[in-house]
Amino acid sequence: MNKKVLQAKQLEYHYGLKGVNLTIHSHEKIALIGINGAGKSTLLKILAGILEPDRGEVYLHDTALKKMKRRQFVKKIAWLSQMDNPSPDFLVEDYIALGRMPFRYPPNALQDKEALQFAIERCQISGLLGRKLGELSGGERQRVFLARCLVQTPDILLLDEPTNHMDLKTKIEIVSVLKDLPITVVCIVHDFHLISHFFERVILLDKGRIIKDGIIKDVLFSNEFQNVFRLKTHIVKVDDGTEEFIFRSYVS
Amino acid sequence: MNKKVLQAKQLEYHYGLKGVNLTIHSHEKIALIGINGAGKSTLLKILAGILEPDRGEVYLHDTALKKMKRRQFVKKIAWLSQMDNPSPDFLVEDYIALGRMPFRYPPNALQDKEALQFAIERCQISGLLGRKLGELSGGERQRVFLARCLVQTPDILLLDEPTNHMDLKTKIEIVSVLKDLPITVVCIVHDFHLISHFFERVILLDKGRIIKDGIIKDVLFSNEFQNVFRLKTHIVKVDDGTEEFIFRSYVS
Amino acid sequence: MKFIILLGMSFLLVGGAEFTIGTAHLSCQQTIHGFLAGPYSHDIIARIIWLFRIPRFFLAFLAGVGLAASGSLLQGVTRNSLADPFLFGLSSGAAAGAVAMIVFANDILGIWTTQLGAICGSLCSTGAFFLLAFYRRNVLSSDRIILSGLSVSFIFSTITNFFIFYGDRNTAQSVLFWTIGSFSSAQWSNIPIALLATGIIILYGIKNNNQIVAMLAGKETAFSLGVNVQYLYVTTLCVTSFSCALLVSLCGPIGFVGLIVPHLVRLFYVRSFRKLFLYSSFAGGILTTVADIISKIIIPSQEVPVGIIISAIGSVFLMLMLLKGKGHNSAS
Amino acid sequence: MKFIILLGMSFLLVGGAEFTIGTAHLSCQQTIHGFLAGPYSHDIIARIIWLFRIPRFFLAFLAGVGLAASGSLLQGVTRNSLADPFLFGLSSGAAAGAVAMIVFANDILGIWTTQLGAICGSLCSTGAFFLLAFYRRNVLSSDRIILSGLSVSFIFSTITNFFIFYGDRNTAQSVLFWTIGSFSSAQWSNIPIALLATGIIILYGIKNNNQIVAMLAGKETAFSLGVNVQYLYVTTLCVTSFSCALLVSLCGPIGFVGLIVPHLVRLFYVRSFRKLFLYSSFAGGILTTVADIISKIIIPSQEVPVGIIISAIGSVFLMLMLLKGKGHNSAS
Amino acid sequence: YPVTVKSCGTDVKIEHQPRRAVIHDINMAEMAFSLHLQPYIYGLTGISGWNTPSKDFKQQQGRIPEIATRYPTLEQLVASQTDFFFAGWNYGMRIGGDVTPETLAQQGIPSVVLSESCLRAGGKLELPTLDLLYNDEIRLGIIFNREELARKLVENWKGRVENIRIRLRKIYNIKVFLYDSGEDQPFTAGRYALASELMRLSGGVNIFDDLQTNWGVVSWESVAMREPDVILMVDYGKGVEQKLEFLRHNSLMKENAAVKNNKIYIVHYDDMTPSPQNIPAIEKMALFFHPEMMK
């Protein structure tokens, strides 16, 4: 359960990253946070093998990513882009079926069909089949994108702002789905309430460096967090007995 | 102060809207909420004159939109798209200067330069000038988009998820800027915490209909809200004396 | 399955028509008789049918399939609806080679002269294209592909034009005719080449169509799905170049098929990108064979170059589609 | 300001070269003498300079400016880097008209024969294009524009090819020459037409360039900024069609300028979309005039059609740019 | 002087006997040479760019320079102070090009157009006859004040043609296929080509007499089906070896009687376009087609 699945060693990237070290264990649910331009997307892209680091190395299960076959790698890791621009004429079912590409494609085997079924159900997109991507609302589209990643049945999900465009209800549902998946999930999320309920571990990035990495409470109450975001974190008790973090801007 | 600036009467649109009536007064800060696919973006596009309603009419200062000259109209109303896809080779300064199109363009007059300066400052993008849109991070890009709208010096800002991709700090700063603008602002926002701090009036859309419209407290505690989002709203007191809304999913 | 039956039936139908119809008038009876006499008979009708019409049918079909397939692959891979094998300089290269042969070479290589010229030309242009696209950088983008293609295309058409200018008074016409394209040079010895060209592109397409569809989801996303984007660019360009070079050398640069047929198929019927490739290929084959039949009957005792007929039929079709309003209004 | 000085200087330089160089050899002194003698002198040299070389210089420059300007506007408005006035059927229409005249009409209208044919042809093709693009729908998309343009382009090139096929072999040569393009038939009486064509496109461009730049921000966003997208599509297409029709009628369809010059300018120097239009126009003008000069000296006592030289220079330039690695690597 | 002649239906006025004439292409130059007009010719155009002129021609040309190897530019004509230009549509002049009768007239240069080329540049199709040659020759005579000589020459030609016609009166017209060029598809003369008329005058019939054009493309299968007795091959100065070789290997044509028996006759470019060479060409063709009758 606590195996290291993904490791980054001294990653550097000419824009964005300056010496990032990171170890991710299996089944962890990690939130990557940081202000805009901190280098979150860059880091995620490097972890997903989309960008090659200028220096440093990514290891998947102790194998250097450089030395892995891309075909093997993509069976293990799915990545969701922050701003995607697929052709608007793509049919939803064709699009999510792309997730089967690393395996056999077009999807035929039982396993493939199950993966598709699972993703469609969890992302609640059965109503969208047969439509074109260009005809969907923002949240619907985002769910379709996410479904594509789930169809890929990866061991590790690297998601760049997966809850973008989603309303709060959908957000919660989708993140619960992610939480319940028996795989490793790394998400970039800007919604700290959501993070506090669903993610165990939070990594705070600033100016291309990891400046804090730990369990949710530690990070949110750390000086680094409060400085970077210029926020003060409070904790309150809700009627139903749970707790909730509240963030107050220094200024406003 | 309380003049009606924008009115929608019985708007219908084949997908999305079913008989929407709406009156917006000057200087109001309105949040448009609703689940994905509720028709928010469609409504905003119709208000901005991007889509023509199948039936119904939009009035700006009591003039039917149909009867207005587009040139006049765009001096008054700025619109921000939910998912925009500008050419990645656009220079940031060229892009935001587009906001002066309804006036004189390229921007030369003092007034234009002031508008540009104002927007660059408020959206904190002075560091991004000279770069291309394709080289920005998500949040940076979004700020550039917003700056373009501010440069337009409109009376009414219609913003479709303006805080997309933004971190919490930026989000708060940007929305404060919006709040302090002496103009009417209608935003689609999914972050209810943000709404509760910055917006006076909330409009809840569901299945193409407005099902609730009122001040923040009324809407968030209404049955309609709780049913649509399947959330329960709590109110809590924070250490620093302020109050905060907390939302709890029925299920999780 | 339905697809295969449809294919088989149209194939037979069109084939039958191709055998019966030609510039020399043969009755149905004569055709059947000649057909049965076999290829080694000294009967002139049998020879016409076996040595001209049958290979010609295969050439027309194969060329149509290959060109349409290339077009559909290239449009997918560059995400540009105006991409086609000929905009990328390939056909200009082939034309330059063929024209050089027409103008300069004294037929040193027998009937293969223009063919060889065309192939050499397209090798040159493809080489130049890859040099430009790759020189000193390891990342290809569709913009760069397009620009490299354009520059190669123009440099070679310059060369062609210069040859024409330089050539004798028949050159202009020979060149123009060659450029319009025709299947009349079909011979059995050509068929293996056409089969090779079309076979390669079809096999490549069947194998990689999915990856090309994935490219439509965005370059980075495709990469994250295991598509080796750079490799796909290169192989697609190589394969289409190679196949089209061979086909062009056999029947001239028939530009219409690769550019329009995929659009036609998309407008007409196919909503799913995944099916576009096979349907386009097939439609391309049918279009060229039907056009070839028409080219033989439209003017008595004379053959209209088939390129003319192909683009006539195709563009009328496209116009009808557009007028019927099946046009897809994608946000562009 | 710098721009204007640069323009003025290159203008003078190139102009001077154009006056001195020609198929008839004149020394510098003779040229100056002839130039000073004025247009009404009976001196042969003065006549050559004033009646041939000066109008020719203006025609070359104006045509280059107009074509490059059209290309840059169309590429912007359709957001397709392969768009150019000739892909949209316009030049095929003009060619069809001109070829019809060359083949069928016996010079009935004197020096205006091909001109009129080309104009009529391009009117037809533009009409057909608009019919297709608009029939039964009120929303134009760039996809639809491209498809309509392609189908018109192909139908007219079919017609042209058919005419060529119908005509005799010397016709083919005349047609090819016409298609390559040349400024050799420049006369003073042509200049007002060229001036009109180029003037319109430049004025239109200066007035609407901003709107076209706004289109690059996305169709809906442009609309929200007050750009009447539909109107812009239509007017841009109309204006470019009209201007190019006139220019094509004067100097043949010189295809390269509109397609490549904007790319060249973008690669070379201009990062800002807003400046692209003016710089492209100017670069187009310089390119055509320089090419015209070269076309007159490259082969002694013989003029090479200028279209050949234009695409040679332009594509070599483009290749150098690509090799120098200034290529922009946009996410495509 | 002044004299007025017709050129494609319009009147052209020649003010004085041309002294600096420019003539385009071999066939028109030959017309002029047969009237011994060399002293009045300033230059030729369009000779060596396309043709390999025969020795005979070169000798006749003497020291007359070639101004342009292909089409002349207007500038060149003006600069050489030409006072008369003889060319044809698509022979030195292009519709819409810089050199046309009209642009020349604007520069004060009179020009006449080869009659045959009037037909091809539009207008109605008429079956060409040798009158095209005769009339142009006489017209040239009028222009250069050699009308007498021209008429005599034409009478002589007419007599030679008539002589052949009488000899071949009763024979069966053999089937002739003119092979100009093209491998995929042969390029040949149709109904409206002067070549068809020349064949007829030499006792043959063009197998593509039904082709409704002057020159056009046909297919090998129709050539084979029409079984020509004789094949005429056009030599553009580069020899015909490759065409012969091609025919012998073409799977349909190698079965043809003409190819098998080597009944192949070679003609030249100026034999088939209106030129004084037409007359000897007819005589030689007639001899080849019907050796027994011509003895």
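For reference, chains read A, B, C, D and E in written order, and residue numbers begin at 1 within each chain.
Convention: a residue touches a chain if its C-beta (ideal position, glycine included) is under 8 Å from a C-beta of that chain, and two chains touch if they have at least 3 such contacts.
This one's a predicted model, so the numbers in the text were calculated from it and none came from an experiment.
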| item | value |
| --- | --- |
| Chains touching both chain A and chain B | none |
| Mean-CA-position distance for chain E and chain D (Å) | 38 |
| Centroid distance [mean C-alpha coordinates] between chain E and chain A, Å | 81 |
| Chain centre separation in whole Å, for chain D relative to chain A (CA means) | 51 |
| Distance between chain centroids, defined by C-alpha means - chain C, chain D (Å) | 30 |
| For chain E, residues that touch 2 or more chains besides their own | 187, 213, 217 |
| Junction residues of chain D - those touching two or more other chains | 79, 165, 169-170, 173, 177, 220, 328, 330-331 |
| Residues of chain A engaged with two or more neighbouring chains | 85 |
| Touching chain combinations (by label order) | A-B, A-C, B-D, C-D, C-E, D-E |
| Complex interface listing, chain A residues touching chain C | 45, 48-50, 70-71, 73-75, 77-79, 81, 84-91, 94-95, 98-99, 101-102, 105-106, 132, 134, 148, 152 |
| Of all residues in chain B, those that touch chain A in their complex | 33-38, 41, 82-83, 85, 135, 137-141, 143, 161, 164-173, 176, 190-193, 197, 228-232, 234, 236-240, 242, 244, 246-249, 252 |
| Touching residues (chain side chain C, partner chain D) in the complex | 78-83, 87, 132-133, 135-137, 139, 141-144, 146-148, 150-152, 154-155, 157-158, 161-162, 164-165, 169-170, 172-173, 175-177, 180, 219-220, 256, 259-260, 263, 267, 304-305, 307-308, 311-312, 314-316, 318-319, 322-323, 325, 327-332 |
| Touch list for chain E against partner chain C, complex | 50-51, 180-185, 187, 208, 210-211, 213, 216-222, 224-225, 236, 238, 242, 245-246, 249, 251-252, 255 |
| Residues of chain D defined as touching chain E within the complex | 22-24, 44, 47-48, 51-53, 98, 101-108, 110-111, 113-115, 117, 165-171, 173-174, 177-178, 182, 184-187, 301-303 |
